[in-house]
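Structures follow.
Each of the two complexes below includes subunit A, the first together with subunit B, the second together with subunit C.
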Partner chain A sequence: MSQHFDAIVVGAGPAGNAAAYVMAKAGLSVLQIERGETAGAKNVQGAILYADALERIIPEFRDEAPLERHVVEQRVWLLDERSHTGMHYRSDAFNEDRPNRYTILRAPFDQWFASKVREAGAVQITDTTVTGLVRDDDNRVIGVETDRDGAPLLADVVVLGEGVNGLVGRRAGLRPELDPAHVALAVKETIFLSEEVVQERFNLEGEDDGVVIELMGDVSAGMVGTGFLYTNRESISLGVGCLLANFQETQIPAYVLLDRLKAHPSVAPLIRDGETREYVAHLIPEGGYDAIPRLAGDGWLVVGDAGQFVNSAHREGSNLAMTTGRLAAETVVALKHEGLACSAAHLARYRQALEQSFVMKDMRKYRRLPGILHNNKHLLTTYPRAISQAMQSFLRVDDVDKRAKERRMLGQFRQARGGWRHIFMDALKMARAWR
Partner chain B sequence: MTSSNDVPVPTQRMEERLYTNRYLVDEGHPHVRLRRRAIDSDELKSLVRLCPAGCYSKVERGRVELSLDGCMECGTCRVVCQATGEIEWSYPRGGFGVAFKFG
Partner chain C sequence: MDAVYDQEPDPNEGAARGLNLVVCIKQVPDSAQIRVHPVTNTIMRQGVPTIINPYDLFALEEAMRLRDQYGGEVTVLSMGPPMAEEALRRALGLGADKAVLITDRRFAGADTLATSYALAAALTKLGSERPIDVVFTGKQTIDGDTAQVGPGIARRLGLEQLTYVAAIDMLDRATGEIVVRRRAEGGLQVLSSRLPCLVTVLEGVNEVRRGSIDDMLRAARAEITTWSAADAGVEDLQKCGLRGSPTVVKRVFAPTPREESAEMVAVDHKRPKQIADAVLDLIFAHQPKLEAQLEAATRREVSR
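Up next is the complex of A and B:
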């Protein structure tokens, strides 16, 4: 193995795989290093895969990738203790030749993506943890050290796709520590059922159609957080995540939230008699735009979760990981072709490419959301409860006249938030955060 | 269902919850270590409830103990105790630790 590469990529998640694939495909010599025994062994996702980001890298992925189901129906449920108020959107238009969203299981998916990276010509080593960056006398990053015996591995540029904990970059002082208010802890179970049962319970036509449900309200027990229930081919992914700072305040164990969710009357029948074959936990960066660290310097670039690229409002992460990975790789490839060094000044083009893409536009759009939710937790509890109460009085047929019912419903809303002024302010804040 | 005010209790033992997970234990090389102070900080104590794998427990005289069985390498304890310096956290050596089958 030659000891000097055009690029070293740390990590074989969606960000690292996208970066390594694009550079190798363009003819660069690439070394990719992953600490898991296989790619995906350490990785967790809901998981919804957004096709567009992957299609731009591997157009024919649908023929090969281990996909579970394509999403034909989206549900959003607002839970209180015993109810859910829901929005369902199902369309036959989602049964298209090139569906836009799929459910996946990350371990097999990452293994497949990593196999494509090898096919593209990159050298890939697993079972190996990168322990630090190597710098030259001018403080430029020129390679990495690993927990394997041997000399440091050298390259013109190191692409850090090391995920949310990002120890390598953190220890090297490239970015600050994670703030508990800017990171969520999520737990998830993969619950197995037969293919037929999944189809029956979710009204699905075939083995390829799927439903995804986003859960809000009581699922987070008053904390800033959400839950999800996604259908895979013969299993259901059920999970919940909340800000770590909120877990610290409430002292509620994350797995207790998951137990509550499994027992919720709206969820329990969907997973009944299922067999849990895995319980996992992972952090999600939720700091948004303002938490994005420095993304490039002399000889290094940051992609994916390590750079805080998650849009929590839309539950996007893997697509941002793939897109940042691709744009970083394209930057390096262009510099190579132009015969330019991977200096901080030249790598700044990566940031420019991000600014022009949907990535930074979306990150900036929701800039205010993390702060607003953190400081207004009632938005996630008061309203779901008030809505549930309103639905109850609306649907129950009794001897109360309809006008009196409407008055009572409005009164309950006002009471729930202590007056119309507060409700107006809440609406304003949310509208601003969404603008 | 419990209200958010009182802290509810788990319905399943942690060993059962983690039973189906796969690990390759690196005997003699714990990847997380406690650097004890005279008194355990509130942050460290909170990990008894916060660690999703139940690796932290309170034993005799209220001191917090760490047993890495079942650790999913999430990093929660690392982030929570970064300011107190009571935890030394690194990844397991390459190939060791948790190996998710589905993720």
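Up next is the complex of A and C:
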């Protein structure tokens, strides 16, 4: 006999967990299905946790969740082959009672989040893959099929938090195939170092303080991409990601990119003598606002990466996942309380809620960015190198007079882009993309 | 579907009449993912995922096959910290009927002697509700590797002891007879014995099933029966945990890695003969003596 639930949530990542938690907490009968052996077994992220999104779901999370370090310093490095030009921002104001950003390791974090979902009363099954949606005669989604023996599982609404490469929605025709120009491939190593070494190398006071470094320039070997280095309690997460379409064009294997980064003279000393414990790869939706698929229909909703909710300009993703999960869940809970069906018309409230939140506002703000970066790869390669050259000539003391140096620097800049007009146009493009 | 159900006995009735099978399982760290701390030389358990001891899964599957064939029910039993509940839940998801966890601070630090004592007490309690026909364990655990707990339980409960079992050929509850194949040095033994008995199961003797969606839902919702030492009917706490464990770990050390690492011979577009030559060259480079011996032997052959 088929079992019926108020809601079935596909996936136990940040989006699925947020959705399942909020609905279960509100008293709905919720079934959550995860294909990994445990929640988090298949989930990959840098990873930075933005506290606000989680705090709105589980206010007391800081007392329980496995967190690594809170971020007290942010660095942005522009790399060329041998140098980095950096901007560092460190503030004691980040040492607050309720810090805003944390580094996390997703496996333990997701297991904790999933345990909260179970505590909230949801039925959770892992190691089970949802293979398809079940529809009624009117084409409404009424449940899911899995890769296990047994009758289909039925629900009033199916929340798809199945991640960037979710097959259920794609097979069901709810969203198109991923476009290689709209998705990045990121690879990451977790490199073990003792707590003391991490603190020493990054000038950290305590075991809870952390540093985040965003890397641009040579790290992507001419492709559209960036790198990152995050300090965890006893390890460093080091990774790099570029558009899949660029990997296809250049045929550079992703691990080669990561190996290059590890050998970079600015990075190598930070990870020296570390033991690589984990090597992972993951796709990141980078298509932005215009790649967002349909988000709701009769009996179904899409949350998180499956809905392309990533703000690549600000490296936000898991917070958007949690927020979309929460808003989807709140929509369903409200419909239940009002005694309304989970029809496409009623579930459209979810889209409205997103539009009113920072989620869609931010997604729309950076609407042009993916296209501009894809068509202007030089933005991420030419400028870091030109800036590095300029720094070199500026800092070297020799018998060239300063005015001549400045002229040379400007000349190099102009040359790098083939004329001031191009530089002006680049600035304009970026300004428009950022507006 | 209905017609099939009609012919089958009422499952509850079947359970009462059928076999009472108990499988002892242990939650262990996934040894494939364990690391030794580079500085302190201790095992780093933090963050290492836990699994059901893989050998126990074959025992569970063997028990479920008997249940499916003869009727009855399979109970999984484990001693461990409260988090061992996860392992029991996983066993329910594979198709076990009931789960019992015995957990008590006073069980902590138990060696095989103390573990078999506590498990034997819990089995006695389970058996007092309805006599147990067969107790199953895996052949050993992957963290301790002793293979002592199963035999320890059998000795304490006075059960016939069938270790390293590769297959159960026959079980007759009416006559109380069981016939198994047991792997022994130099071959297989076919043994006939009496119920109740204890069977430790070899790895790879069956293919562990994937539970149905109903099993998974039942497991997710199940309340795991949890017994303290007192609940389990443990009489002598002196025999439990660290106090009841005469085994002492004298030293833990990481084996030094071999200095030489494996060398690869690229296949590329080489012909088999070329690959063979390349492999031989590599071997001879490391074992010049071997090359000389072989050459001498070849010369003798030729001169003969």
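In this section, the second predicted complex is superposed on the first by the 433 of 435 C-alpha atoms of A that agree within 3 Å, B and C clash if a C-alpha of one lies under 4 Å from a C-alpha of the other, contacts with A are read in each partner's own complex, and residues count from 1 in each chain.
In this section, contacts are C-beta pairs under 8 Å (C-beta built on N, C-alpha and C of every residue); 3 or more make two chains touch, one makes a residue touch a chain.
Treat the numbers as computed from the prediction; the structure is a model and nothing was measured.
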After lining up the shared chain so the two structures overlap, which partner does A:107 touch, if you call subunit B first and subunit C second: first, second, both or neither?
both
Touching A:239 in the superposition: subunit B (first), subunit C (second), both, neither?
neither
Touch check for A:128: first (subunit B), second (subunit C), both, or neither?
both
Of the two partner chains, subunit B (first) and subunit C (second), which one does A:250 touch, if any: first, second, both, or neither?
first
Partner chain(s) touched by A:194 [first = subunit B, second = subunit C, both, neither]
second
More residues of subunit A are touched by which chain, subunit B or subunit C?
B
Quick check on the superposed pair: does A:277 touch subunit B, subunit C, both, or neither? Answer first, second, both or neither.
both
Quick check for you: in the superposed arrangement, does A:43 touch first (subunit B), second (subunit C), both or neither?
first
I'd like to know which partner A:148 touches here: subunit B for first, subunit C for second, both or neither.
both
Touching A:16 in the superposition: subunit B (first), subunit C (second), both, neither?
neither
Intersection of the subunit A residues that touch subunit B with those that touch subunit C
37-38, 41, 105, 107-108, 127-128, 146, 148, 277
In their complex, what parts of subunit B are in touch with subunit A?
1-2, 4, 7-12, 14, 17-18, 20-21, 24, 43, 46, 49-50, 52-53, 72-76, 78-80, 82, 90-95, 97-103
As the complex stands, subunit C meets subunit A at residues 35, 38-39, 47, 49, 93, 210-214, 216-217, 219-221
Mind listing the subunit A positions that touch subunit C in their complex?
3, 31, 37-38, 41, 105, 107-108, 123-125, 127-128, 146, 148-151, 153, 192, 194, 275, 277
The residues of subunit A that touch subunit B in their complex are 35-38, 40-45, 47, 81-82, 105-108, 110, 126-129, 146-148, 164-165, 167, 177-178, 180, 183, 185, 187, 190, 218, 221-223, 235, 244, 247-248, 250-256, 259-260, 263-264, 276-283, 381
